[in-house]
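Take a look at the structures listed below.
Same chain, two partners: subunit A is paired with subunit B first, then with subunit C.
Right after this comes the complex of A and B.
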């Protein structure tokens, strides 16, 4: 105590000075760890690839032109976006009731359930993906159960269905956390007001709860869409090499074919897709306010 | 038309439990058509819970709620036709003022244009017609409160339920809103229940007051009855301020306190008693016609402006006396000898130890 009082009075920071100082570390990390690599990727996408993984440092539009004129890649982009949107929607529908319940729960019960929801994040996605493979594989418990009931056995693994199921489950914790973060405006008194004014539970949901939780929905969808588009391990393992998405193709081009300029161009394309998603999100948010 | 006012709301043996806690043991109450009744009591007395039971927001563990002769105990919230004003106003933050007010009409399938017109009318009624396109967060507390009131009244509910509607407003606004709410209630002739912990609100706005404690009704009467003839020492203490003197009633029925014999309008069985006298009912010096007269010494003086508060030592007890400030008499000074006088009607006697 005495040491503190004996020292000189703390220097008064001017507005902004402190903010800049506090933001500097993260800005530096971002610059070195994110912006520079991305610029590097952008540069590669205008270089030419040589057989055997070499890069010819010339400026060329070849990669971009090739990509945009190749049906395979256009379909790849379209499929990736479409599947990711569908997975995002499924994740939202599966997560929303859980998030709403958690938002309303209180005390130790809420803490327990929240930990339960977050706990999958403590396990690596690789492990969880293998878990899903074990569950969904052709003679696994789910298929056996369906067969036992007498229904035709579906093929749930090493195709798009498996990717869909696995990714939905893997993304749910993120969606639930994002939804809960966005549920701040949902005041139980406001719901009660709607009920006393004559709204049935269903109309209270559509007229009050849903509109008030839209910011959370928008945030959760943005987050899960970005994660779905960029997810690599789950589609790679659960797709069994038959599901082609942007992330898996980038991996193949970069690691298997060693065509770094093409991998870079695809990565830039993913970045453009993310930019579009972010733009859509900001439009939605502005509409809401 | 019979002159006896018709009963509109009846609570029959209503009990409420939260888990293992029995918040309201058994409550009976009858509210007449068109009257405004206050539920008055300290926090945790069950007043808000009772209001929420009427609205259907809390389920009673026993008993019946009857409105206009119809049992609504098991009716869902949205079919109860109650207009509720919440303490936090609970306006819909995503709707503008006009849509907030029209919400209840919309739920009642009133056509769009009709609902709009009635909402506009209700907003005029609370002098907010010019703000109909604002969002709730762009309004002041008082304005939000009036929107909440318009929203509750526009559906012409069976009962208007007000849950501490004034407690989030500053003092001056509270006075204005008190008058306005009462005027609106009387104009529309609506039956209203007003929950408050503020005795001034209860006494000044309401036809009758229910004083509650620990989930029980301590007294149900007009403001004058509750103030002048408190049924229990708790009511006397909670509604208005009082002095409390330790006393006894002898086997001959003689009341003594502060070292001398006192006269009271109430009679009680012999034993230890508490004698309660309101500070402003005690007169200083001019005690010619007072039924009770005691001597004391001024020990403290607090000047409040329109009032002077004297602390007077009587026997070994401290008595607070309030007097309007006046110019015709020399102000008293500390350690002046004074005579205190009050009437037998103002001497309230309760069994000792009642809190």
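Right after this comes the complex of A and C.
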């Protein structure tokens, strides 16, 4: 055996052959673990749901037609998209200065701050959500403090405001990490050059820093938008049953009402929204290059 | 030395043989039912005594958080079932029956069928009632000083933004709709629940959350909410665990039942032993034992006589005449319409 391998010349890989061979395992895993289930889900969306949760295997457009003609579901899609976009924007505004500061920091201080940013990810989102409920509830510390100052007490929990605050905090680490990854092109010497040439700090930011960090912004926004659209634990816990989103509705239809065909149709709809987000991202990236 | 070694070897061989034979003789029945406190109490009151009485049968309890997930798992295993018995909500069991998951439930499975209350037998469902539960009023004893006696306490303005209601499609919300409809003068919930929905519209602005998590019992025990609705059996157990913080009342207007049924999975791996377990679970003695343990009302009419007065008082067994007869299979047909009315008329008023 060893004699044979010793005498045989090393196999020459043709271009692409090796790539295909190396990609094969992950392609297989993806095909079995992702593509097949998604196709199955797509098939389910054409089945008919029987009263009480049974499924009739047929081929019908009923679920799709029902979805597109029902105002509740159209509002659901619209709400999910704009709420997720708005949350992405607040996350970006809250995260950008932190990411920029981290990018400029160095040494042990930077490591320490990075660990601080990532540390929320070590606790489950469910636990953090319960934490937010304790903080923001009507007789909790935040509302009590606002009342103590003499301002009218806002209702910050079990409504859309709660979902906003909770999801923004939960998504911030992802946004910061994505921004930092995209800040590679930001060379401090370019900023210094701008300042030496007489640009004000504001002008340096809008004309130099911001354009150079756009790829990071695009990546962070894509990531947070996708995570916001698909998150259901936080909206369920903090929305108090008043905030209807695509992800929470899929949960209700799949787990509570047992209408799997409708849940599948809604899931496919989410996939279409994701597709649109990816397309928008690639358009933005192409423009930037 | 050698003798000792040989002796050890012989001993080990004997032990291995003994284990092998006992494993071969023992049959494993897989039961799926609710995880959490249901599992804990069902193991204690039913499964463990059954295994003691039948040393050749092992019952493996496969807990799942809700009936829908049980149905999902049974569906996925339809061609090669790994589960023998399921305990789930009756309306989900109807779906399972329609899909051919359950084997017929007849005298060959259990001899107790004739002793079950009529509500435990639903037409077109190959499973029979194993527990009766009912909707109750829950309150925090610190925040609500005097125990309420009527569902109307939910509408009391002093508990504004302190009311916790699991909304439809959760069947606790559905049951509340039917009770409210009857209280507001509705005559037939199958035809219309309009009167109930109108009354719930008045409740909406007082509600803190329609989505209490992890369940409705915890926020009320802890005082996050003052008052709400939930299922009796769990409420009674959590009430005992809450040091008296969680109060439980079966209101004077009565309530509605939730029914868990037990079904035999068709072509399961251990059908004969599974039949033995189902028969055991439905026997008056076992039914009585589980009521003592967790305060579900028994489905076997002969069980009540065996239950202590103290435990019986904490179930709906003493108020059977006040219970609204909810036909869950009929409700399944109007569930979408009730959900729609909640979403369009009730919940928007609570924003």
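Keep this in mind: the second predicted complex is superposed on the first by the 275 of 289 C-alpha atoms of A that agree within 3 Å, B and C clash if a C-alpha of one lies under 4 Å from a C-alpha of the other, contacts with A are read in each partner's own complex, and residues count from 1 in each chain.
Throughout what follows, contacts are C-beta pairs under 8 Å (C-beta built on N, C-alpha and C of every residue); 3 or more make two chains touch, one makes a residue touch a chain.
Keep in mind that what you see is a predicted model, and the values were worked out from it rather than measured.
Enquirer: Answer with clash or fit: subunit B and subunit C placed together on subunit A by superposition.
Expert: Subunit B/subunit C on subunit A - fit side by side.
Enquirer: After lining up the shared chain so the two structures overlap, which partner does A:211 touch, if you call subunit B first and subunit C second: first, second, both or neither?
Expert: first
Enquirer: Classify the contacts of A:198 with the two partner chains as first (subunit B alone), second (subunit C alone), both, or neither.
Expert: First partner only, subunit B.
Enquirer: May I ask you to decide whether A:75 touches subunit B, subunit C, both, or neither, giving the answer as first, second, both or neither?
Expert: Neither subunit B nor subunit C is touched by A:75.
Enquirer: Report for A:189: first if it touches subunit B alone, second if subunit C alone, otherwise both or neither.
Expert: first
Enquirer: In the superposed model, does subunit B or subunit C contact more residues of subunit A?
Expert: Counted on subunit A, the partner with more touching residues turns out to be C.
Enquirer: Once both structures are overlaid, what angle do subunit B and subunit C make about subunit A, taking C-alpha centres and a multiple of 10 degrees?
Expert: After superposition on chain A, the angle is 150 degrees.
Enquirer: Please give the least Cα distance, whole angstrom, that subunit B and subunit C reach in the superposed model.
Expert: 47
Enquirer: Indicate the residue numbers of subunit A shared between its subunit B interface and its subunit C interface, in ascending order.
Expert: none
Enquirer: Taking the touch rule as given, give the residues of subunit A at its contact with subunit B in the complex, in rising order.
Expert: For this pair, the touching residues of subunit A are 185, 187, 189-190, 192-201, 203, 207-208, 211-212, 288.
Enquirer: State the interface residues of subunit B toward subunit A in the complex, per the touch definition above.
Expert: 55-57, 76-84, 86, 88, 90-94, 103-104, 107-108, 151-152, 155, 161
Enquirer: Provide the residue numbers of subunit A that touch subunit C in the complex, in ascending order.
Expert: Its residues touching subunit C are 50-55, 72, 133, 137-138, 155, 158-159, 236-237, 239-242, 244, 252, 254-258.
Enquirer: Which residues, counting only subunit C, touch subunit A once they are in their complex?
Expert: For subunit C paired with subunit A, touching residues are 66, 68-69, 71, 91-92, 94-95, 98-99, 161, 167, 169-170, 208-211, 213, 224, 329, 332-333, 335-336, 339-340, 343-344, 347, 350-351.
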